[in-house]
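Each of the next two complexes has chain A plus one more chain, namely chain B in the first and chain C in the second.
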Partner chain A sequence: MPGSASTTSHRSESLITRLHSASSSQNNETKLKVLRELKNQIIGNRTKKISYIKQGAVPFVVSVLSNCDCVNDCLVVVQCAAIVGSFACGVDVGVTAVLEAGAFAHLIALLSRDNVKVVDAGARALRMIYQSKVAPKYDFFEEKNIQFLISLLDRNNENVTGLGASIITHSCQTHDEQKILADAGVLKKLINLLGGTTNQRDASLESFATIIKENPEVISKFVGPENGRTWCTLIELTKDRYPRTRLLACKCINLIKNAAPSYLQYVGMRTKLILVLLELLDDPGQVGDEALFTLSSFIEDDEGLQKLAFETNTIDKLLNRTQKELLQAKRLQGVFITLANICSNLECCRSILIQSPKALNFVTDALTHTNVDVRVAACICLKNISRSVKYLSAGRFMTESVIMPLIQLLFDTSTSVQVAALCTISNIVVDFTMHKSLFVQNGGVKQLVQLSKSMDSVIRLNAVWALRNLVFLVDSRCKEVIFMELRALTLTSLVSDPSASVQEQALALICNLVNGPVDSIEYVFSEDGLLMNAVGRQLWSASKPEVLIQGMYVLCNVASGKEFHKEAVMHQLLPQPNNDGTQSIMVTMLQSDTAQLRTAAVWTIVNLTIPTGAGALARVVKLRNAGIVSQLKNMVNDPCLDVKLRVKTALGQSMTFGDFST
Partner chain B sequence: MHLENLGVLCPTRNISLPEAFSGTQNVSSPLKEEAWRVNVRIQGCDLSHGYLCGTMEALNVPMADTPVVTFWEGEIVDTKNYTFFTNKWKATSEVDIEHWSKFPSFSPLLVEVDGGKSLDLSNYQYIFMRWKEQYFVNVGADCGLTIAGFYYVCFSCVDGSINGYYYDPNSSPFQKLELKTTNEGRTGFSFSSYELQ
Partner chain C sequence: MPATSKKVITRDEWEKKLNDVKIRKEDMNKLVMNFLVTEGYVDAAEKFRKESGTEPEIDLATITDRMAVKKAVQDGHVVDAIEKVNDLNPEASYYLPTDLNGKTGYADQQRLIELIREGQVAQALEFAQDELAPRGEPSFLEELERTVALLAFEDVKNSPVGDLLDLSHRSKVASEVNAAILTSQSHEKDPKLPSLLRMLLWAQNQLDEKAVYPRITDLFTAALEDPSV
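What follows is the complex of A and B.
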């Protein structure tokens, strides 16, 4: 029966007073009574735990523990350890309090006692501590610590071996630590524990996963054909009657597959694993949530596994689940990430979602979810679905229900949401049906331009990327609106951005800007040729091939225009008269190891040497004088077919004006 | 993974393909021969899967008030993803050979036995494809036109021209498609690109 607040407070103060007295008392009965009373109050009651911690209960309990004789005062010791463990269980401030009170060393000492109950109590309490992130980091680099850990794993005591496993799960973080543990034979010991009780199995599986995670070297040494027993054990555990055990076994197999995909191929577990994980989704709690994330990790970056997931009707099963019940945020996030991964490469998967209005609405509705992680996951899912060129061509994404929430996300307070939205928008604006005006009219361009000026380079990159794709084949009217918003000065600054990736996207944007009707070329000449000069400067100074390729294609496109345009390109490519010794960047590009760059350069020359132009002859002479024609002659047998063919065209066009061999 | 627009280049083949073509398709009817003007735009390519796609716009179509646009998907005969044998769309291997043989660039190739599986076409100056129209973009399916058949297509990397033959057992045979790259008012070649995330 709940007492009044004043009664409760009075009781706890009285308990603290009695605890204080007990810590200096010799009477075990007194101690036991007050300890049991305290334990009964705090077990399962977080509020009470925090209250007693604030009142300073922990040091008194530890003081009682430290003054106990484990031979004669076993019951008191066990109670103290249980209370310390309870304070630490799920309460980080509790862990901090027990550590500050010096409980750790006393608990460790309990592990070497003869009395099993004392050992159990000490081990359980330490496990509670090690479940918290504020627990002390275990130093695996100390040999004596490794020996101690092994001694724990060798004990015939479920709580002690569980403690050993908990220490590993908590503290093993780096590749070096994983290697030390693997070299010390810890993996073998953990595998042996898989034959133990459920708790031992689960704790061992978690530790095993911690040691092998993202460490191909450890995995390859441990899981080879000679370790067939390990595999058999793990596979058997995927059929265990306890869901958590099945999940942990699947997680371990997934980690092994991530490091050594061919190994899992050999075993042929792939489909079974997917089915086990799908079945685990029936669990409404943490097991079901983790099963989803394990499934999404399993199929990530593996088209073969995505196909298997498709063939086992994963999409339908996930969608059916969403329709049956309102899902919690974690589960929703998992659903979207899994759908995203399954749609990352396969058109058949994307088709299912796109062709179902309910499914697409489910995704777009989640763009306005209150939880950040759900919004990000929904964006990623939509991004992967919109990789479908087939449906981009059908204009399926350029609709208000898709565009409006995405534009709103560009204003999201979370950077990760903004980035995810930008990535999705950059696909959707590729829309081939030329309905890009819907995006433009709803304020999308304004915000993209704003984000292209962000201090955050990732946001800047993805904003420019989206603008590049938006400008691709856009109609003249929208192009004008975009350019007026973006302005030559902003674009110039992006062309020479500190990040090469941003430079690349900015140059590709300009390339798209000057493509289309020939008067589009005028954009690079606005404000006294600001953009044209910026592109030229970048070609002379940049080193990354990806940047140079896009810059070269800008000049290539400009060179496909009128005479004035071709002359402007010549001016950028050839050294200035007072720099006679400088080799033209065109020669440098033609000599590049990167075939795509050589291709772009030759196309530019093709455009500059088209014989019909009035200034064509003069340009050919200049190109010859700059050593470009002779460089082309060296390339008639270029290993790249495209280069070879365009060189032939360019030389043929140059020869129209006579052979320059004399 | 991303797709690069053909207007820049197809990475694994290292071939830059133009994105816009125009020309004609000869259409036979019981009464007369006519030629429809056709514009083709290539929109996407995924060479690792031998896939490309785009749109085809047919102008001056008698049954339609406006130009008719269809979306098509292509199979590139790279002998890895696809061979010269179609194995679907009611095209037998005899029909395949009959159509491919219409292209002079096909004659040096030994294909009859295994559809060309053992050939290496990565440096061949011609690219062979099949184009299959999937849906009408701007008109209804009841517009009076059919997209039941498919095209055998040959692209010349040398001059950028495209030739093709339409096959549909229920239509007149060997309707020819002839396209050239369009420079769209420019004196030279212009490129654009998108990159999917």
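What follows is the complex of A and C.
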């Protein structure tokens, strides 16, 4: 309503005017009255804060603060500091305004006053500033700054020690900074503060976590099992009566575990920690959400911990909760990420989810959730569940309720959702001839091909990967449909994609394409052998072994075909007649350090030299002339057993035509 | 025969065991002080401090301030209460439970209720429009709508939102504000004594299943009853 809006701004204007005159007045009563009024208007009221900031209230308040004498005007000083703190609280433009007005130095000066209320007000305001991401970074590399920080932590005032902790939480980011703080004895001081009041404890735990985060060096030096007291305190705090304190203690222990898994085993906290975190999920707010993410991080990449989580019924507890109440997006995301991590290795965990229709529906329903993070998490969860070979080969996931929403996600506006969906699809389409048609018939291939032309290389990579898995052992009719959709030209450009990973997957795709019935080999010869030439070119020019291996296997598969196919492979492998001096790429491959590449190369030779073929003798002669047979002879004692075995076969086959090596 | 299978502990044995438990006088005093401070009995706390020499966990002056805030809410002077909280510790409002209403919204809602109760409809609307609505926090809007709905009923007391005008709502807000201030002072919001008594009752109930012993049933006198065998 325009009417009421104007009264508000009118009121605030008059307050600004009074503030202006008060700032130059000598009368403390007048000042106090205006300042209190301003303070009471802005505390907890974002709209008003922003309105007053725009009207330039901050510089006035700071000028009052700077003109105060801290002994006689301490009431005014406290009001000013409280106002500055409130402007800075929760509003980034407020922090900027406060800093630009030069409040920082004045507030720091308040910390060394005798009056406790003045010190408190100054410390609180500074804490507010350091809680914002726009606050300046504290420079820990300055010796005197470290000394000042330590003097804050040593003070017998929870607002001041809290400020010290906030400075660390806000500013300590690099390993060097973590190390400086740890070496200066800050960790020890923080541990001491853990014995203090609730507010001190929580603030200290947070900055403790900041200093040890992802820093094995600091952890091994200061938090190893021999630091009995630190461990005792942390473990004790996981039983604290305040949920937030328990959570923070768990977070610290999780950070230590992630950097040095053995410590946790040593103090026997593994199951205990999972139970504490599970109990914290009862908190409906931020603590419960963070507990879930901490639990998820705790069990990630550790099968032993996943097993413990399974044994403590984590899956049931998470699922029960989802059935009882409607969860917020953040919580749902946490649930799916945790389920995903539990299911990443253990079949028993996947079974629980797959065998309960409710549970699986819960996951697939979330694929269409309005929140991006939830959709991504649900995809990851589904992917890890579908790592079960048993259920995968039973076609448990190739159902409309799973496939249809996944295909829809390929059209998602968010790249991260698309990538997550591609990864899940890659996994689900991997193994079964019988059910793939469902995916193909519902437009899945069309969209995968679209995404394989994306500008984003991550999307391209995952789309080609999914296609590669889809083509694996697929029946001829589906293969035909897929190839019609893909076309040789698209595949050709993917083979020479700027990203080596995409090249690798594209070559693997072709390898799967030509695998199977002999007719399949014809795909690489369509359109004047466009694909065959592209593969050959890549073999001559690529340097990454991963790419070369896949390229070599394409030729290996083609070489298993008819005479004409084998000749085409020979054509790609040997140098062109006008380049007589060049060494065959085959020799380069055979000399590679990568055993897998040597295997692929020898396999190809085996396929080329099968003695029953009409042109086999001519091919052996060509291979011999290119120095390939003598290279094979050097490899009879190859360290890789696979290679050694194939070399024997290849040499045996070429010897059937007699040894011309004399 | 379950009754006789219980272990019987005579009064003599029990008292002997009780005598073996050493509880320091200072700890008992601390518990009493904790109760007086948390509940806000500032005069009693001051006397107890002098008599027993027990130092309170927090500055007694802050109790007076806290009680003044609580009383202001109970008397319906919400603006006064908010200003007092702001003087005490601007961060206190952050400890108000968010599930009841986000942050200061909790006290603000009460302020709106009081304006409506006093029949100051125009001021109530202006306050809701200018100060509450712009915050637009989704969790807050629902309660705001419920409160403004008060204006729609003639017989407010019997309306679906009548509970907001009930004096017990004031008490609820008052005790939330009290707890918020205590939390901001790093003080527990509940005194320790009542939970100790609850623990005693629980322990006795557990023990009842296994033994017959001199029980404490009357908590006022804490007299031991003779075991009835």
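As a convention for this text, the second predicted complex is superposed on the first by the 648 of 662 C-alpha atoms of A that agree within 3 Å, B and C clash if a C-alpha of one lies under 4 Å from a C-alpha of the other, contacts with A are read in each partner's own complex, and residues count from 1 in each chain.
Simple rule for what comes next: a contact is a pair of C-beta atoms (placed from the backbone, for glycine too) under 8 Å apart; a residue touches a chain by one contact, two chains touch by 3 or more.
As the structure is a prediction and not an experimental result, all values here were calculated from the model.
Looking at the superposed three-chain arrangement on chain A, would you call chain B and chain C a clash or a fit?
In the superposition, chain B and chain C stay clear of each other.
Is the number of chain A residues in contact higher for chain B or for chain C?
In the superposed model, B touches more residues of chain A.
Go through the superposed model and pick first if A:653 touches only chain B, second if only chain C, both, or neither.
Once the two structures are laid over each other on A, A:653 reaches no partner at all.
So, A:124: does it touch chain B (first), chain C (second), both, or neither?
It touches chain C, and chain B stays clear.
Name the contact category of A:383: first (chain B only), second (chain C only), both, or neither.
So A:383 only meets chain B here.
First (chain B), second (chain C), both or neither: which does A:63 touch?
neither
Is A:452 contacted by the first partner chain B, the second partner chain C, both or neither?
Neither chain B nor chain C is touched by A:452.
Compute the least Cα distance separating chain B from chain C in the superposition and give it as a whole number of Å.
Least C-alpha distance: 39 Å.
Which of the residues in chain A come into contact with chain C in the complex?
Of all residues in chain A, those touching chain C are 1, 4-5, 7-8, 36, 39-40, 43-48, 82, 85-86, 89, 124, 158, 197-200, 284-285.
Using the touch definition up top, name the residues of chain C that touch chain A in the complex.
Interface residues on the chain C side: 82-83, 86-87, 89-91, 93, 98-99, 103-104, 108, 126, 129-131, 134-135, 183-184, 186, 188.
Taking the complex as given, what residues does chain A use to touch chain B?
Those in contact with chain B are residues 344-345, 383, 386-387, 389-390, 392-394, 423-424, 426-427, 430, 432-433, 462, 465, 468-469, 472-473, 508, 511-512, 514-518, 553, 556-557, 559-562, 566, 595-596, 599, 603, 606-608, 610, 612-613, 640-643, 645.
So in the complex, the part of chain B that touches chain A is made up of which residues?
Residue positions touching the partner: 1-3, 5, 7-9, 11, 13-16, 41, 43-44, 53-55, 71, 73, 123, 125, 134-135, 137, 157-158, 183-197.
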